[in-house]
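Data first, discussion second: the structure below is written as structure tokens.
Order of writing sets the labels: A, B, C and D. Residues in every chain begin at 1.
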Amino acid sequence: MKKYSLDSRKVEQAMNDWLHKRGVQRTDIAELVMYLQQGYYSDLTLEECLASVEKVLAKREVQNAVLTGIQLDLLADQGKLFSPLQDMIENDEGLYGCDEVLALSIVNIYGSIGFTNFGYLDKVKPGIIGKLNKKGGPMVHTFLDDIVGAIAASAASSIAHNKQKIAEEKNARQAEPTDGSEI
Amino acid sequence: MKKYSLDSRKVEQAMNDWLHKRGVQRTDIAELVMYLQQGYYSDLTLEECLASVEKVLAKREVQNAVLTGIQLDLLADQGKLFSPLQDMIENDEGLYGCDEVLALSIVNIYGSIGFTNFGYLDKVKPGIIGKLNKKGGPMVHTFLDDIVGAIAASAASSIAHNKQKIAEEKNARQAEPTDGSEI
Amino acid sequence: MKKYSLDSRKVEQAMNDWLHKRGVQRTDIAELVMYLQQGYYSDLTLEECLASVEKVLAKREVQNAVLTGIQLDLLADQGKLFSPLQDMIENDEGLYGCDEVLALSIVNIYGSIGFTNFGYLDKVKPGIIGKLNKKGGPMVHTFLDDIVGAIAASAASSIAHNKQKIAEEKNARQAEPTDGSEI
Amino acid sequence: MKKYSLDSRKVEQAMNDWLHKRGVQRTDIAELVMYLQQGYYSDLTLEECLASVEKVLAKREVQNAVLTGIQLDLLADQGKLFSPLQDMIENDEGLYGCDEVLALSIVNIYGSIGFTNFGYLDKVKPGIIGKLNKKGGPMVHTFLDDIVGAIAASAASSIAHNKQKIAEEKNARQAEPTDGSEI
């Protein structure tokens, strides 16, 4: 019997494959980040949002939550969960909150400033979240819509931290003495 | 020296007094609950919302969070926090998240289905939350606006659980055999 | 097609059945509570601990977490999860934390004073937790051992709150005037 | 009036100063990390633990929690909190959990695998945590003992992630073909 050992590349690869198979592109998530943050940073580009999404997706805790959530959605698609869990997940039961629990574990990694954005996305359901949340399709996305919102909220937090860093560095440079020594 | 012993009535009384002094009435919070839930339950009354708010406020964990948050706001009003915490709380710094952390500890008690409503209130800032959040007044409400949103989100969760219970009891009664044996 | 509607009794019944099938009795959990709390309350009985466990298990959020965790354990038993999630859950991978995430959602309901007990049980693994955690048996319990610890930690929190209430009521009675007016 | 703008260096500097003033050295925290992890990694050095503690302390969310917790401890020292919050924090009331709440916000950043270590440290109280927790001294450390435990638990999580990365890189190198093409 082969001894188990964790292979991080396989975990990341599986997350990428499954996000793709379930209909979520990285740019879909980047667009949610743009939706959340463009009011605060007029110069924000989709590329920056995408880079921030990539950074979030590189975290193992995020990868674990994505895989676990998609696995449960997939089993619900196939009717393979036991009753009444099957019914609750298949129907996105309002009093079932394990999907939010898993999503929050993603948001937590980028700190508490992401909670607001997560909750807002979950209520307003813009872009890909609205598509995932549409009932009646062949796929169940009870977990995935919350997880995608959590990734976007985390990426938005990350951008807020970065923009602050850039602003402070700029201030620091402007505050430097200009006594001719630089000429 | 008098030995310390916890007096729960004093904790609850202090919370009530401080909410009042900081300009928050129970009906203000009940109106937030109504705002969140009226779309789901057409027969929902403000009295039900108020009763739900009372239930949330009876929890010690909630009372602790309210007192701690208001204490920090109050000290910020008075300029008595050390630097740079004073500046961050006084200015509701976007990258300072301890207010959300404390608020989340309230939401958690009523389970994960409240996260969405909490985040939504924090973004949209209806009613009393908008008033508290208005900058420039004599009082700092960096913690209190999040805490009020958390109480409302928790009360909304509690209503969702109650309504389900009532619906199931009604179904159970309708499903009872009416074979004359009750006559 | 039958319309979905949540049946709370079925959810509770399924939780009870599955805990039993996976080898966890309510008294096993009550013994963990006793282990945690007997140092603080010399008069604590196993019956009180059991009553507290029952109260925790009556919460829907707890039922949802128990069912979801056992479902994932069960699928791991059967080798039915996709790779590499199957390997991570089957081998209780140290860097996989969704089991702790789900367990924490139980602890949160009884407030933050339960975190310490949860972490302690997870490290020391007394009683049933040690049995569940033993590798090499036919069943995977990656989620269940954490969930059982979370239920015990929550029940311990509930006892701490109750004991305080009883102590205050006793003090209140002793502080009442005994001026003969009660005769 | 001077416009407010966040200065990250001041926040970090204030955290460092206050940890020092309240009697906590970085090596004290590193020793807790060593205590937690030496059973798993026989080659672990105090330097590695210290580097990991530094990394945790560089996170803004951590800095915010440290400052907020020490501020509340300090005000409790001075008797400047309102009643009954003053009594609850001064006496480290068992049913007051905002200290654990703030500490958990630190642990969350490094993911759920840190919860266990946090709870364990809080129960066993080794090293500096035991010293901080000793009642009767001139300083109240109701928040700081939990916060120090949370920093150590987070640093332990970070080490677990790093060690995995190193192990996988080593495996990858060993698996490379040695066909002479590197000469």
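The rule is short, and it goes like this: a residue touches a chain if its C-beta (ideal position, glycine included) is under 8 Å from a C-beta of that chain, and two chains touch if they have at least 3 such contacts.
Quick caveat, the model's predicted, so the values are computed rather than measured.
K.L.:
Which of the two pairs, A-D or A-C, is linked by more C-beta contacts?
P.N.:
So, comparing the two chain pairs, more contacts are at A-C.
K.L.:
Over half of the contact pairs shared by residue number: find the pair among A-C, C-D or A-B that meets that against B-D.
P.N.:
A-C
K.L.:
Calculate how many whole Å lie between the centre of chain A and the centre of chain C, each centre taken as the average of the chain's C-alpha atoms.
P.N.:
30
K.L.:
With centres defined as the mean C-alpha position, give me the chain B-chain C separation in Å.
P.N.:
From the centre of chain B to the centre of chain C is 26 Å.
K.L.:
Could you list which residues of chain D touch at least two other chains?
P.N.:
Expected reply: 6-7, 60-61, 95, 97-98, 101, 105, 111-112, 161, 164.
K.L.:
Under the touch definition given earlier, write down the residues of chain D that touch chain A in their complex.
P.N.:
Residues 5-9, 59-61, 105, 108-112, 161, 164-165, 168, 171 of chain D touch chain A in their complex.
K.L.:
Spell out the part of chain C that touches chain D in their complex, as residue ranges.
P.N.:
94-95, 97-98, 100-101, 104, 111-113, 115-124, 160-161, 164
K.L.:
Using the touch rule from the top, collect the residues of chain A that touch chain C in their complex.
P.N.:
Interface residues on chain A, with respect to chain C: 4, 6-7, 10-11, 14, 18, 60-61, 64-65, 67-68, 71-72, 74-75, 80-85, 87-88, 90-91, 93, 95-98, 101-102, 105.
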